[in-house]
Amino acid sequence: MKKIQLSLLPKLLSAIAAKKALYLPVDGKAGADYKRYEEGDTLSRACRTNRSAKDFFFPQVEDMAAFRVEGKKIEIIDTRKENEDFVIFGVRACDVRSFDILDRVFLADPVDTFYENRRQHATVVSLACDAPEETCFCRQFDILAEDPAGDVAAWIVGDEMYFKAKTEKGKKLLSSLDVLLADGDSAPVEKEKKHLEAIQHKLPISEFNKEHFKPEDLMEHFNDPAWAELSEACLGCGTCTFVCPTCQCFDIRDFKTNDGVLRYRCWDSCMYSDFTKMAAENPRHTQLERFRQRFMHKLVYYPANNDGIYGCVGCGRCLAKCPISMNIVKVVKKIGGKKA
Amino acid sequence: MQKMMQDRARELLSSGKVDRVLGWIEGDFVYDVTPHVFRENDIDQLIYHSFASQNLSKYLVGETKKDGVIAVFLRPCDSYSFVQLLKEHRFDREKVYAIAIPCLGKVDAEDLRAMGIRGITGVTDGKERIILHTLYGDVEKEKSEVIAERCRKCRGVHAPYFDERLGEELTKEPLTDRFEMVEKLEKMTAEERFAFWQDELSRCIRCNACRNVCPACTCEKCVFDNAASGIENKAPASSFEEQNFHIIRAFHVAGRCTDCGQCSRVCPQGIPLHLLNRKFIKDINSCYGEYRAGADLEEKAPLNRFDVDDCEPGDVVGKGE
Amino acid sequence: MKKEALIPEIAVITDIRIDTPDVRTFRVVTPDGKKPFEHIPGQCAMLSIPGVGEALFSITSSPTNTEYMEFSIKKCGCVTNFLHAVEPGQYVTVRGPYGNGFPVDTAFRNKDMLFIAGGIGLAPLRSVINYCRHHRKDYGKIDIVYGSRSMQDLVDYKEIIDEWCHEDGIHVHLTIDREQPEWKGHVGFVPNFVKELQFDTNKTAVLCGPPIMIKFTLAGLQELGFKKYQIYTTLEMKMKCGIGKCGRCNLGDKFICKDGPVFRFDQLEELPDEY
């Protein structure tokens, strides 16, 4: 365990930034968001950023390849480059878990090299939650907000910040900062964890019957009549999917540039009407089917393919951001609650 | 008010005058409100308070395609969207029973969070004051301190095309001049203004919430979703493209935007999108005389008619300054 | 950097056969004249024209063809419209193979096969039919029911008439939707024709065609006594990545591009009806 006085945190951040690209959540005009560290930036204490941390590995838009087209001839240009090493500082437990969920998609064979490259170059410094929002429910997915995963876990206790390396990458980062860090006793952190856990137990979203979503009940949940009511006010926008740390659907598109074609991928949303639209048909005709797809994927389809792990981390962003306040908690309560 | 609305809705449903009622339902939290179509069995769950923020009129486009008559509760701002949609023949008036309800201004949970008011569990609304019950105790505030930007400019007057009024009309003086920020932007140099919008719009994630909530955006196929349009896109290929989406949208709703403010309310990135629309409203007012979209069913919109003495916009606002 | 599955390879169209007014068959090789990659019958590949788009097509040629790959493509969208306008020598990009393919070396082995196709639905079946013809001794009797709107809309008509119809143990049953003066064969829709033909229920059936044909043919086969586990089909859904990541072709806990496109009807019964 290592520690540093909070007043020295700016020094620590500059020391990291001197060696690697450093990203951290910073309070902005409309809430906290991750940004590349510049001298003077201070770590936001907000428990949740507007955009999730998935952007670091699965950005909204990224180039995949370029093509030079000349008459009938085509030439492919591999535009990939080796990513720089970077550190994400202050990632909350829910977002750290989302990386595991994305890994199971992008690192499954055949590996997505764009994602893999970023993942390999990243060091994640997580931060325990001391002030969760009432819309937080990560504990419902067995995520311990007081003891986050990551390469290095961090805790703020009083006017000190404690660090514990959890991986080789994490050890390397901490040892590179050795001059600034003092040895810390684990007792204050253990005490703080107990305190933070107690806060977690007070959060209002508790009766959450996610266990009722079992892969073997796939068709029963799919055919539940409650989807009609749950989806009736859905606007069909993509807010929930874009702020969600685990939504990873994408589109691949071409963009004509002056001297050729750029193929890029961008986030896409199963909530959009053209997501499954083919030249002649669309198997999901109405918003009910699109809405159902999103939640069935998180609660039934994803666990069925991934050892029962749910595709939600309880970060609460969809609760805070949906224009009509429809979200996974309401879905779980309505549909999962029936068999209680 | 909530009780009055429930009672009236129940009456309308049981008398057979309407088949469904469009209103708001609460979720886990008092601010977790969703538009909902009620029937007799769940009408006692209809709520109305400071967090019933969503406008309902756009839902009529889909709801009137179904059989039966639907009652809808219209707050003042929503009543203008209602008329504008009607004017554009977007829904079947015969299938709607419109009830005007007063509004004391809405409060957004995200704004409160930014003020440090968290863990909200309940609300007691007053005319001047609001009490927010939270996990950490009650917080009492002047309404004028906490109501949403879109509500600060409201006069509380309905567009007069509803079937009945429930409660009294609560006219009030606006708390702010709605063109104040637009004027500030106009006074900026082109570079400053560009920097302002660059900063705001660069946060856009193209989730389409602003478009999908907008009562003026009712195209069956939006040009940005239409592969055949040639400009279809889901994500910006450049920062210019991002502005493109918002600028085209603002142009498309110009003269039809009722300034309901829902676009800014729903933006997950907190972009003040209403400022684009207000700039158009301000320019239309100064070029063609005061006009309010949705105020009158018959009147032709200034951008839809031509008079020989119409000004050339370039003469009024200057060219490319 | 290691090979990225989403970055395609270059290929050249060397020959274009006009099959019907809206179907053309494209022969594709690498720029040095080789077959782009090996595949199993029923698998698909992503073809693209940069700037126009990328789309998934079933590989029409049989894996036993060592020289080239063929794709029979119906004109119906952005990419296909473009392809229908190109000439031989046109470069395209290709990546694949994607999907599970037909169980030609397991479940189909030594079985009497019944292939039923409608319109462009012959495209994925042609691969498996020609594979079975090539390894003739590994399969029992082969019946092929193929129907289209008109005589002119029968894909691969020449190969069917010149080759398939003359081979021992292969019975081809053609039908068209409406009478035509020069047509001497059967007239009527595929589902009814299948019922009329009264096939033995010990066959393994493979269906491919428009959804409405699939629906009624499936019902017809069940009426004849076929069980759902004896009947296979291949699904079409919008796909972008081809490797089970982009989420588009997700159907229940399956991804059509990875776990499909070939399914048995008893498997489909366990999945949502969203295809």
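Read from first to last, the chains carry the letters A, B and C; within each, the first residue is number 1.
In the analysis below, a residue touches a chain if its C-beta (ideal position, glycine included) is under 8 Å from a C-beta of that chain, and two chains touch if they have at least 3 such contacts.
This one's a predicted model, so the numbers in the text were calculated from it and none came from an experiment.
Upon removal of chain A from consideration, the remaining chains are partitioned by touching into the following groups: B | C. Chain centres here are C-alpha means, and the one lying farthest from chain C is B. The central chain here, found by comparing per-chain C-alpha centres with the mean of all protein C-alpha atoms, is A. Distance between chain centres (mean CA atoms), chain B to chain C: 51 Å. Chain A and chain B have CA centres that are 31 Å apart. As a whole-number value, the distance joining the C-alpha centres of chain A and chain C reads 39 Å.
Multi-chain contact residues of chain C, defined as those touching 2 or more other chains: 78.
Among the residues of chain B, those touching two or more other chains are numbered 227.
Listed for chain A are residues 251, 253, 268, each touching two or more other chains. Residue ranges on chain C touching chain A, taken from their complex, read 1-10, 49-54, 76-78, 80, 86-87, 89-93, 211, 236-238, 240-241, 243-250, 252-253, 270-272, 274-275.
Note for the complex: chain A touches chain C at residues 64-65, 67, 69, 72-76, 78, 80, 82, 105-106, 108, 110-114, 117, 215, 218-219, 222, 248-254, 256, 260-261, 263, 265, 268, 270, 275-281, 283-284, 289, 293, 296-297, 300-301, 304-305.
Remark: chain A residues 29-31, 33, 50-51, 60-61, 133-135, 202, 204-205, 232-233, 235-239, 241-243, 251, 253, 255, 262, 264, 266-269, 272-274, 319-321, 323-327, 329-330, 333 touch chain B in the complex. Listing the residues of chain B that touch chain A in their complex gives 27-29, 31-37, 54, 59, 109-110, 113-114, 118-121, 135, 203, 205-209, 211-213, 225, 227, 233-237, 262, 265-266, 268-271.
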